[in-house]
Amino acid sequence: MTSSLDAAARADVLVEALPYIRRFAGQVVVVKYGGNAMPTSVGGIPADLSLFAEDIVLLHSVGIKVVVVHGGGPQIGDLLARLGIESRFVDGLRVTDADTLDVVRMVLVGKVNRELVAAVNVHGSLAVGVSGEDSAFIHASATSAELGYVGDVDAVDPSLLLRLLDSDLIPVVATIGMDDGGQAYNINADVAAGAIAAAVGAEKLVYLTDIEGIRKDATDPASLLSTVSVDELEDMIVDGSVREGMIPKVRSCIDAVRAGVGHAHVLDGRVPHVLLVEFFSRSGIGTMVTR
Amino acid sequence: MTSSLDAAARADVLVEALPYIRRFAGQVVVVKYGGNAMPTSVGGIPADLSLFAEDIVLLHSVGIKVVVVHGGGPQIGDLLARLGIESRFVDGLRVTDADTLDVVRMVLVGKVNRELVAAVNVHGSLAVGVSGEDSAFIHASATSAELGYVGDVDAVDPSLLLRLLDSDLIPVVATIGMDDGGQAYNINADVAAGAIAAAVGAEKLVYLTDIEGIRKDATDPASLLSTVSVDELEDMIVDGSVREGMIPKVRSCIDAVRAGVGHAHVLDGRVPHVLLVEFFSRSGIGTMVTR
Amino acid sequence: MTSSLDAAARADVLVEALPYIRRFAGQVVVVKYGGNAMPTSVGGIPADLSLFAEDIVLLHSVGIKVVVVHGGGPQIGDLLARLGIESRFVDGLRVTDADTLDVVRMVLVGKVNRELVAAVNVHGSLAVGVSGEDSAFIHASATSAELGYVGDVDAVDPSLLLRLLDSDLIPVVATIGMDDGGQAYNINADVAAGAIAAAVGAEKLVYLTDIEGIRKDATDPASLLSTVSVDELEDMIVDGSVREGMIPKVRSCIDAVRAGVGHAHVLDGRVPHVLLVEFFSRSGIGTMVTR
Amino acid sequence: MTSSLDAAARADVLVEALPYIRRFAGQVVVVKYGGNAMPTSVGGIPADLSLFAEDIVLLHSVGIKVVVVHGGGPQIGDLLARLGIESRFVDGLRVTDADTLDVVRMVLVGKVNRELVAAVNVHGSLAVGVSGEDSAFIHASATSAELGYVGDVDAVDPSLLLRLLDSDLIPVVATIGMDDGGQAYNINADVAAGAIAAAVGAEKLVYLTDIEGIRKDATDPASLLSTVSVDELEDMIVDGSVREGMIPKVRSCIDAVRAGVGHAHVLDGRVPHVLLVEFFSRSGIGTMVTR
Amino acid sequence: MTSSLDAAARADVLVEALPYIRRFAGQVVVVKYGGNAMPTSVGGIPADLSLFAEDIVLLHSVGIKVVVVHGGGPQIGDLLARLGIESRFVDGLRVTDADTLDVVRMVLVGKVNRELVAAVNVHGSLAVGVSGEDSAFIHASATSAELGYVGDVDAVDPSLLLRLLDSDLIPVVATIGMDDGGQAYNINADVAAGAIAAAVGAEKLVYLTDIEGIRKDATDPASLLSTVSVDELEDMIVDGSVREGMIPKVRSCIDAVRAGVGHAHVLDGRVPHVLLVEFFSRSGIGTMVTR
Amino acid sequence: MTSSLDAAARADVLVEALPYIRRFAGQVVVVKYGGNAMPTSVGGIPADLSLFAEDIVLLHSVGIKVVVVHGGGPQIGDLLARLGIESRFVDGLRVTDADTLDVVRMVLVGKVNRELVAAVNVHGSLAVGVSGEDSAFIHASATSAELGYVGDVDAVDPSLLLRLLDSDLIPVVATIGMDDGGQAYNINADVAAGAIAAAVGAEKLVYLTDIEGIRKDATDPASLLSTVSVDELEDMIVDGSVREGMIPKVRSCIDAVRAGVGHAHVLDGRVPHVLLVEFFSRSGIGTMVTR
C-alpha cells in the first residue's frame, strides 16, 4: 500500500517521528476509546476497532505505556432492549437498578472489554482486561439515591495498573467501581479516564471522539481550537461554549491536567491512525489542552 | 460463635494446623469452584459464595498462592432463556454459535467472574478476574466443526497468572480461550482447571462439587474413596464406575497429577469451610488423587 | 487429641483466626520469655519450653517476624552456688564482678539461650541465638560504679536482627551488652526487650510471666486489667499499684509504646499456647498496654 | 519537508514499520561505518556523518542496541603524509612500525572515533567511544612478523560492550587491539566488526559501503543480489566473483552468520537513511546474507 | 613502631601484597583458632587474642570472607575442675555425660566464643558468634555409645554462614552440633573446621597451632615441610610420621582439600600476625597442603 | 626485593595500613596524573607510568574507586612541532584553532590516554579511557573569543563515571569537553579534575606533580606545608605565595573541598609509590588541603 512512497519519503516520516518516539518512551498515556464511534456487531473484530488496536500496539511497541479506558453506551442499550428492561430517567440519566447494573456489567466487562482485548491480542499477548472491581482499584459510591447504582469515583488505586504496565502489558479498563461492601457501580467512562490518568501519573490523556476536537463555537467547524488552556476551558464551560455530552470530557481534561497530567487531547477517532499522526508528527491534529 | 470452645481447644486446632500451614506456604493451589452449587441470584453476595471467598482469603493470608477457576452453566442457561435463544444439542453438548458465545462470555466474564471477584475483594484488594483472552493466556481451537465455538485447550501460558500470584493477588479465571485470529471459544471449566494447574506447577488441584467425593460405586454413598491413585481411576473410567459429568473432572485429575501436580482433590463444596478442614487438619475429607 | 472437635468447630477457630493472621503477617513481635517460669533442668527439652517453642514456630510459620528475648536469673544463681561464688548485693541488686559476669554470660549465652534455640530448631532450621556482643548490637555502659558489670542499654543497632528476620530466621537474644572497649555487661532482660522492640519497630512487645497480667490492685486477682493506657500505668507506678519486680516490665512497656511499638502485653506464660490464643482470637487474655 | 505527505501516507509508513520495530527491539545490531565513504574534513560535523548519526539515534530510540564499529584508512594516510612518514608495503599491506602505530591510534581513537561520538551526542548523552584496549576487550596478536603491529583478533570479551548497551549507551568502537603485555595492534575494522557481532550475540551485522551491495558479477550492476546464503558466498570467493577489498567484509559476513549472528547486510552508505529503510520496511535494500 | 622503615620499604611491602590481596578478595577462608595457644584468663582481651582479632579484621577489610572456628579444651577442663566434675576416659577421650556437655557448651558458646567475638568487635560491628545449633547448621550424631554426647559431623548446612558472610559479617563458630531431636553434641573443632571449609567452598583452611607446621619427622624441627600433597600426608599417617593430636588436623586437611578446598595450611599461631605474612607475601610460612 | 625485611616488619606495615584500607574502601578518589612528569616516548610503557599504574591497581584492588584524570601538554607540543603548526599565544595561553584542537584531541585521547589505559590493563581488564565527549559528560563552553576552542567546564554529569566505577572499572579521563552543538573544547586538566571530583562525590582529590607539595614560601623548600586549610590557601593566592602554574591546582583544591570533597592532596609524583605511602600510612607525605 505504501508502494507509491519512495525510500526518501519513507525515511522522512521516520526521521520526523524520531524525537517524539524518544520523548514519549516509558511514559504513561491513557486513551479513552469510544462511545458512539464504537461498533456494536457481535462477530469478528470490526475494521475500526482493528485500526485502533493496531495503533495501541504501535504505541506500546515503541515503549509507551498505554492504558485503554472504554465505555459502552450503545451496546448496553441494545441488550436492555433485547431483555425488555425499560429504563427510568432522572435529569436525562438512566436510573440503574440491580437488574440494569447486571446488564451494564455484562456488556462492559463481558463484551466490549473482551472485544478490545481480543483486537489487541491478535498482535501478541499484550492486553489484559480489568474493571475497577479487580483488586478493588476504583473505589466508588452512589452519585445520588435516585440514580441507584450509578457511582462517583472516590479514589483510584494505581498499583494494579502500574504493575501490569511494568510487566509490559496493556490494561484495558471497564469502568465499573466498587465500594467496601462489594457493591458494584456504573461509572461514567470519561470521568473515570481522567481520574485514572491522574492516579497513574500519565503524561497524556486522550479522548477519541466523533468530532474533530473542541470548538470555540460549538456550531462552527471553523472555530476548532488546536490548543487551549485549562483556564480558557473553564470560561468556555461557564459561557456555554462547551455543552452537554462534551462537559464530562472537558471537565475531566481540566481536572486531569490540574492534577499533574502533562496534556489532554480531544481527537477525532474516525480518522484512521489518528493516534499515530497526533503522537509522532510535528503538527498534531485535534485539540490539545495545556496548563 | 466459638464461645463454647475454651482456650485449650482453640489452641489445639491452631497447633494441629501448624505443620500444614508451614508445608503449603508459597505453593500454588488451583481451586475449581462451582457448577451446580453456584447461586444464580443477581444482587448482593450469596452466603455460600461468601463462605467460599472467606476460605480463599484465609488460604491466601497464610501464604498459599490460590488460583480460582469457575464455570457458570446455570447462569448461562438463564440468560439464553431470557433472550429467547434456543440451543441445538449434539451428543448432549450445546452447539455454540456466535450469538450464544456472546451470551456465554457476558455471563462468565461479566457476571459470574465479577461476583467471585467482588466476594473476595470485600476482604481487601486481592482478587483480579481474568479470562483466557487476557494476554491470550489460554490458547484454544474448535473442538469440532459441529459444536461451533466450543474449544479445546491447546496451551496455557502461565506467565500472567504467575505474575499476579507473585504480586500477592488471587487470579479468578473465566474459562474463555482464544485463537491466533482473536476468535473466542467456550472451554469446559473442569478441563481448563486441570490444564492451568499443570501449567502453573500447582501443588494441589481441588474440585469443589456437590458430592462428597469419588465413589468406588457411583450409586453407593458408603463406597466413598478417601484416596485413589491415577491408575485406579483409569480403571474406574474403563469399567464405568466413573460416569457422565464426573468424567471431565476425573480425567483432568489424572492428567494434572501425571503432569506434575502434587495431588488432586474432589471435595463437597456444600460443607462450610471445606477447604480449611481439608488443608489444615490431619484427617482431610473428600477424595484425594495420588500418583 | 482434637478428635472431639468436629469439622465445623475446627473451621470456626480457623475462620476467627483469619483476620488476625492477616493483620500480623510481616510484622515484628518481640517476646520476652521467662524468668521464674523457666525450667532449670540440664537434659532434654522441658515440656513448657517445648510448648513455648511450638508457639514461636507457629507465629513464624504464618509470617510473623518473631524476636525472642530471655533472661536466666535462677540458672545463674545455681551455677554461682555450685562454684561457691558469693554475691554482694547493693539495693537488692547483685554486684557483678568479672568472675560473676563470666558465670552470667556462660549461663545466659551458653545454656539458657542454647536450650531455647534447640527447642525451636527441632521444628526446623529457624532459630539463631545472639547476644548483644554479636556485631556489637547492644551498646551498653555501667549502670553505676558500685554494681560492677551491670549495664544500661545506650543504643540498640537493629541491623543484625532485621537481617536475620529478613532471612526468615528467629533471633533468640541473650541480653549481654558491650561497650567500645569490648567489655561485656549484664543487662536486665525486661529492659533490653523493650529497647529491642523499639529499635526494630515492633508491632507488639509481649512479656510472658507467671502472673495473669497487670492488676489494678496487686493483691487482688479480681482487679486484673484487660487493657490499660501508658498514662494510667505511669499513675500506677507513682501510686504504688505497680511494685517491685513488675516495675522494669511495666516501665519498659510504657517506654516501648511511647517509642512507637503498637501494643505491649503482659501474659501468663503458664497457660499452654497463651501466645496463640492471645494473637489469634477475638478476645485476648492478659493485659494489653495501649497508647 | 514532509509537507507533501498527508496524514494517511504518514500513518501508512508508521504502520508498516511497526512489526519491524517490535521485532528488533532489545536486539543487538553491529554497524560497520565507513571506509571510503567517510569525510576527512577537520571542523564541524559533515552532512553524511550527521545523517548516519541520526539513523543510529533513531534505531537506539526504538530500543535497538547498536554498536558502531569504524575504520579510518584515508585519514590515517593524511596524517602520515603530513608527518612525512613513508610506509613500506608487503603484499599490498602497510607495514606498521611503532611510529606508524602511534599515528594510526591517534587518528582512529583521537579523531575519527571522536567525530562519530560527537555526531551522535548532539542528540543526547548516548555514545561512548571505546577501543579494544579499554578493559582490554579486543585481545590481539601480530598477524605476521613482517607487518609489525598489524594484528589479528584472538578473542573479543563482550562484557564492556554489553554493560554499555545495558546502560542504554551506544558504544562506538575503534579497532585497536591489545596483547597481555600492553602492546597495541591495528586491526582490520571489517574483520573486527564481524568478531564483535559474534561475541555480543548480534541479530544483525551491517556493513555500510560505497556500493549498492554484493553483485553476482562484480562488474555488472544488474547482478546485485538481494539475498545470498553463506554457502553461495563461499563459492563466490572461490570462483573469484568476490574480489579484493570486498573479501574481508564478505568473509566476516560468512564467519559471523556461522557463529550465530542472525543476518549480515551489505548496504550502500551513500543512500540517505539507508539503515531506516532497510530495518523498517517490508522490502529492504542492498544484500542480505542468510544461513 | 614502623618508624625505622622508610617510604620505599613500606611501599615494597604493600606492592608485594597486591597480587595476593587481589587474588583472595571475595574468597572464603576458614581459620581454626586455638587449642593450647589460647589464653584462659577471664578478664579483658589477652594480647595474643587481640593480635589474632586484628589479623582477622585486616583479612576482612580487604574483602576476604573469614570464618573463625574455635575449640576450648583447656578452659573446659578448668570449669569441670572448679565444679568438681570428674571425667571418665575411654581410649583417651573424655566421656561426655549430660552434665559435662552442659559445661562444655557453656564454656565454648558462653565464654570462649564470646571472647573471640568481643576481641573482633572492638574494631567494629563485625563478628557474630554461632554454634552448630543455630539454625541447626551442624547436624551431628553420637560417635559411639560409650562416649556419650561426643558427636561426629553428619552434615554442614552452609546457608547461615554464607548469609552472614554476604552481610559482610565474620562468623565465629563454636563446634557444638545438634541432631533432629534437639540433642547437642560436642564436636572436635579440628574436624568441624574441615567440614565447614568444604561446605562453604573455602579457598583456604588454616589451622593455627603451637608448632611451626608439619614435619617430615615429628621429632626433627629441621624436617619442616613447606608444601606437602594430600597423598604424601596419607603416607605419613600410615607410616606414623603424623602422630596423636596432629591426626585430626592432618586428616581434616586431606578431607577438605579432596572435597574442593583450594589449600590447607598449618601455621604457628605464636608468630605475631602469622596470617598476614602467610597470605600477603610471596614466601609463606608454615606448611601448605596441596592436591 | 623485600628480602631484607623480616616477617615482623612486614606485618607492621600491613597492620598500620589496615585502618586506612578499611576507611577508604568503597570511596571515590580522583587522581590527576601528570603534566611535566609524564614521559613522551612512543614505544612500550615507561617505568614511571608503570609504577603509577601499579599503584592505581593496588588502590582498586582494595576497593577504592579510582578515577584517573590526565593532561598532556608536552606531547601536544611535540606533535604540533612535527606538523609545523605554529601557535599564537594570548596572555601566555595557546590560542586553539580547529587544526590545533584536532592535534590536541588526537594526542590526549589517542595517545596519552591510550598509554595510561594500556599501562593499567597489563594488570587485568580494568581501565576504560573516556573523554568528556563520551556520553557528553563534560559540558563546556569557550573561555573567551580570543582563545578559540579552549573551554571552561559548565557542568560534569557523573553518571557515566559512576556506572564504570560500579562495574569495578577504572575510568581514565582525557579532558576534552563538548557543547550542545557537538563542538569540542580543550579543558585545563587540573581544573577538570577538581570539577570531576566534586561531581562524583570524591573523598579525595590528588594532584601528582613534580614538586613535594605546597610551600608557604614558594622559593623555600623548608616551608613545605603538610596540611593547609582552604582559607589559608585563599590568603596565599592573594598574597602571592601561590604562583603561576600552581594556581589552577590550588584553586581547584579549594573549590573541590568547598564542594564537598573530603580532602585534596598535592603530592610529588616522582616518589615511587607515593600514592600508597600517602594513603596507607599514618604519616602521609606532601600537602593535604582540609576544610
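Some observations on this one:
Should a chain be cited, it is by its letter among A, B, C, D, E and F, assigned in written order, with residues numbered from 1 in that chain.
One rule holds in what follows: a contact is a pair of C-beta atoms (placed from the backbone, for glycine too) under 8 Å apart; a residue touches a chain by one contact, two chains touch by 3 or more.
This is a predicted model, so every value here is computed, not measured.
The minimum number of touch steps linking chain A to chain E comes to 3.
If you take chain D and chain E together, the chains in touch with both are F. Annotation: the A-B interface is duplicated by C-E among the options E-F, A-D or C-E, judged by over half of the residue-numbered contact pairs being identical.
Of all the chains, the one whose CA centre sits at the greatest distance from that of chain D is C. Residues touching across the chain E and chain F pair largely coincide in numbering: over half of the numbers involved belong to both copies. Copies chain C and chain F of the same sequence differ in orientation by 120 degrees, per CA superposition (steps of 5). Look at where the CA atoms of chain A average out and do the same for chain C: the two points lie 57 Å apart. If you average the CA atoms of chain D and of chain F, the two centres end up 34 Å from each other. Contact of a single residue of chain B with at least two other chains is seen at positions 124. Contact topology of the protein chains: cyclic, one closed ring where each chain has exactly two touching partners.
Passing around the ring starting with chain C, then chain E, and so on, the chain order reads C, E, F, D, A, B. Per the touch definition, chain A reaches chain B in the complex via residues 42-45, 79, 82-83, 98-99, 102, 105-111, 113-114, 117-119, 121-122, 124-131, 133-137, 157, 159-160, 163, 167, 169, 176, 178, 180-184. Interface of chain E with chain F (complex): residues 1-2, 5, 7-18, 21-22, 25, 54, 57-58, 61-63, 124, 271-274, 276-277, 280-281, 285.
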